[in-house]
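Here's the structure, in structure tokens; my notes come after.
Read from first to last, the chains carry the letters A, B, C and D; within each, the first residue is number 1.
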Amino acid sequence: MMPSSSTASDRAQRATLLVSCPDQRGIVSALAQVLAGHGANILSADQHTDAASASFFQRIHFDINTLHTDRLTLEGGIAEVRERFSMELSLHYGEHTKRIAIFVSKYDHCLYDLLLRVNSAELHCRIPLIVSNHTDLSAIAEHFDIPYHHIPITPENKAEQEGKTLALLKDSQIDVVVLARYMQILTPDFLREYPDRVINVHHSFLPAFAGKKPYHQAHERGVKLIGASAHYATADLDEGPIIAQEVAHTSHRDAVEDLIRKGRDLERLVLSRAVRAHTEDRVLVAHNKTVVFD
Amino acid sequence: MMPSSSTASDRAQRATLLVSCPDQRGIVSALAQVLAGHGANILSADQHTDAASASFFQRIHFDINTLHTDRLTLEGGIAEVRERFSMELSLHYGEHTKRIAIFVSKYDHCLYDLLLRVNSAELHCRIPLIVSNHTDLSAIAEHFDIPYHHIPITPENKAEQEGKTLALLKDSQIDVVVLARYMQILTPDFLREYPDRVINVHHSFLPAFAGKKPYHQAHERGVKLIGASAHYATADLDEGPIIAQEVAHTSHRDAVEDLIRKGRDLERLVLSRAVRAHTEDRVLVAHNKTVVFD
Amino acid sequence: MMPSSSTASDRAQRATLLVSCPDQRGIVSALAQVLAGHGANILSADQHTDAASASFFQRIHFDINTLHTDRLTLEGGIAEVRERFSMELSLHYGEHTKRIAIFVSKYDHCLYDLLLRVNSAELHCRIPLIVSNHTDLSAIAEHFDIPYHHIPITPENKAEQEGKTLALLKDSQIDVVVLARYMQILTPDFLREYPDRVINVHHSFLPAFAGKKPYHQAHERGVKLIGASAHYATADLDEGPIIAQEVAHTSHRDAVEDLIRKGRDLERLVLSRAVRAHTEDRVLVAHNKTVVFD
Amino acid sequence: MMPSSSTASDRAQRATLLVSCPDQRGIVSALAQVLAGHGANILSADQHTDAASASFFQRIHFDINTLHTDRLTLEGGIAEVRERFSMELSLHYGEHTKRIAIFVSKYDHCLYDLLLRVNSAELHCRIPLIVSNHTDLSAIAEHFDIPYHHIPITPENKAEQEGKTLALLKDSQIDVVVLARYMQILTPDFLREYPDRVINVHHSFLPAFAGKKPYHQAHERGVKLIGASAHYATADLDEGPIIAQEVAHTSHRDAVEDLIRKGRDLERLVLSRAVRAHTEDRVLVAHNKTVVFD
């Protein structure tokens, strides 16, 4: 059964295991056995082997309602397998709904989109707070009844304000940060606190355009497609592991404003798709690229 | 490693297991164990549970080069698991390249497309013969050096000619029949010989149009999309399990001829996609619908 | 210059002519001449001839800032051409921003989408009122500061309430009604008041499913695509002229809830696309189908 | 009526005018008048104004069967308008079917695709010759009964061989050169002979990858989309005006070979789309970008 079809109480009975390790024989069997041995019922399992790096990736979604031991014992069993195969492994219990902080500046389209998808239960997560370097979008936060923290950034106060923001995230036990068109660059120090847990969105073009006003450049070049990408933010700004990408057709009839409009739709789409994949524990990262199980 | 990235000699070292059964605990573990126990290395495994019918589906692709028993012993072990879980199960060895008979009438676009994809090693299969109720496309068969059997059909000789065709397929040890715009309706008797192994393609519209000249009807109705579907043929003609579907945008500028042209591109696309999925043992059928592992 | 790239004051200087008539020689020239003769500068012109019905369609967008006569004189000149070629013709001045009434029931996704696109100036229109047979969405109306009229419908009061609604629309000088997932069927009497000016949205499937719970039926059938269509409502409910259609891919992994979620995204997309085309005077209707100039 | 719906004898009765000039009032009217004045019936007209460069573009497709003067007189009338508005203008008579030379190396997918589309009358053009720096694809030329010229290129003989090739093109009265995965770079001298008349295709990625083995780089980077572009070749190799672009989704499951396979499908698609637009006189070039009327 797919998690998306489930109610909150269904989800609370489930857990997801994300595993990556060097490929070798017996991994699938070892994990399946340890789960079955404790009474867990595997609901779905998806696996990938990357030939180039000889790496193994797996996502197992299972029912813990049927356990005939307790969680601690199960976790001990899993830890033993982890050791044996030198796995990187994370275990996510469905009863813990992920807590997301949304960072915004002045554009509202991605913010609205995320909040509406949370409200309609498309995205299973909590939004304990919105952070912004501007006050423009506070009315939206109010409409959705979410605390809005105005933390303005200047070159002078950046370190200090990031520290304040991090404290806020810790206080609110934030799992993931979503940059919903947040126009500040986070420092490597900040990103180190949330490795592969800061999701960003940006436009993408064929060919790529460096520098300012990319939509103007794309229009000037007469491109027939524009795109957007969502990725994990890394110190190397728009170069983090890509989670989702989408494009839209354009033509000579599209003015710069039309490209920007189509770009907004794409940004909404890929960002929500990435957040959805992340909150459902479908994304693994290795060697600066993702495995997104669908 | 994905089969598509593999050479013929790689493929010969591999096997694929397709399983469906009532869902219950321990299936994944039991299969993983029996494979690991005989030394098989699982290369990829994909699983699906259909909540509505409480059915379990799995595709396991594994390396048999590492077996420390022989195939017979492995098959015995698998059979034991099959019994235990009341599985429907098929085991496909990569060394056996599937043998496909293509049936055509007068349209050449799907035929060319399939033959070119086989030639460029996109589709891993053999085409021992082409069957047609017309002679029009024999030059294409000749160009690709494939025997072309002209078996004309009339209402009077249909049963007899189908019998002759079946004998031909048996002689050539055909695994799959692909109807590449074959304009004859196969009888239930014929289809019974190749259950879920006759692949057909047809146009699809939103809304659907019954009766003759569907592209003319679609044009008359002013549709903004046209589509095509590939499916397994059943006695209930265009109602078999759907394997692949695709659409293209249309506008008022499209004359009937343009719709037909776009339809041809769609037919090529979905048919080759379906044949590819089938030849790579990615399709399971249950309750008149498919699970297509990608 | 595209209208979408323009500011409100730019738009006020422009007008759009929508023309349909039996095809014959000299139409394009006659219209171009009458506009040039009065000093109008044609900004864009798009034309289509439907061969089957021998019908001519044209959209001319022009600058009226450069007129060296007044509008009345221009309109007289246009009327003369209309007579000569038996045209159906409408002239839309950019200074009149279209006034849209949105009808809703309980689903909020299309309502939010339209209001956000109006707010971000993607859609150039006014929303003087929202009509609903339920109270559920009144808070959204409040957030966007739009009057919300709760007009509950029962089989008994339907005629009366439609009468009340029509009076309201007249009072607010409504140009277009958008049914944003409004779950009541409008009577032919109502629709007669707004011919080709009531826009509706509904799901579309390949194959089509009649009856209740179409997403459940689509899931049961194992479709690989789902779609949505926006169209002008006619007495023949979902059979009006199609304005926009879109589809999304689905797979066996999609539970009914996933199909519904993807359907919501499609409904938003096609409805906003249709409203956009209508508000920019890009749609002509003839013989129950549309010409949508892009 | 759309040209694509027409028979060869229909097409012979038609002509297409492609116009670009600085934008000013009265252009549309002047052209419509001169055509109507000579008895031509406009079948379709499409127009675009580029605000940034204040440039006007128009494509007029018209019936010359109804002329009540001769072509010379019509051309004289058009020339007068051209002078008045400083137009760049080309007039294409439908009776002249464009003559295309296809250049190939070793990949056959684009070559087959083009030849099949010509055979099925999707593309209205003649292919008087195929040029290749290799002999590999000569059997395909033979199958389609088209002369195949093997003109091998080395750094030493390049100028000489290009001269020989140009002579061949002149002899065969070639209008357009299509580089169907031709792996040689044409010199600026060659390209100068066919300005905006050499069509090339190449892969495109988000982000872009410079250097060798782009599909390997894309795989390494974990892109979720790959694309292809068709463009007019200029001295600045892959930087000419873009005619068509398309993308396909990819995932971690796609090995490099799968990316290459998807890339081939995209190359076929965009190249045939570009050739189609060009042969139907739908493309105008200005400021290194295209206007493609559809």
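Heads up, the rule we're going with is that contacts are C-beta pairs under 8 Å (C-beta built on N, C-alpha and C of every residue); 3 or more make two chains touch, one makes a residue touch a chain.
Not measured: the values here are computed from a predicted model.
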item: Equivalent-chain rotation between chain D and chain C, CA atoms, steps of 5 degrees; value: 180
item: Of all other chains, the one whose Cα centre sits farthest from chain A; value: D
item: Chain A and chain C: spacing of chain centres that average the CA atoms, whole Å; value: 36
item: Approximate Å spacing (C-alpha centroids) for the pair chain A, chain D; value: 42
item: Junction residues of chain C, two or more chains touched; value: 1-2, 5, 48, 51, 251, 253, 255, 294
item: Residue numbers on chain A that touch chain B, as the complex places them; value: 1-2, 5, 25-30, 32-33, 35-37, 39, 41-49, 51, 66
item: Parts of chain B lying in touch with chain C, wherever the complex brings them together; value: 48, 50-52, 57, 204-208, 219-225, 227, 229, 241-247, 251-253, 255, 288-292, 294
item: Interfacial residue positions of chain C with respect to chain A in the complex; value: 1-2, 4-5, 108-109, 112, 116, 120, 122, 143, 251, 253-258, 261, 264-265, 269, 294
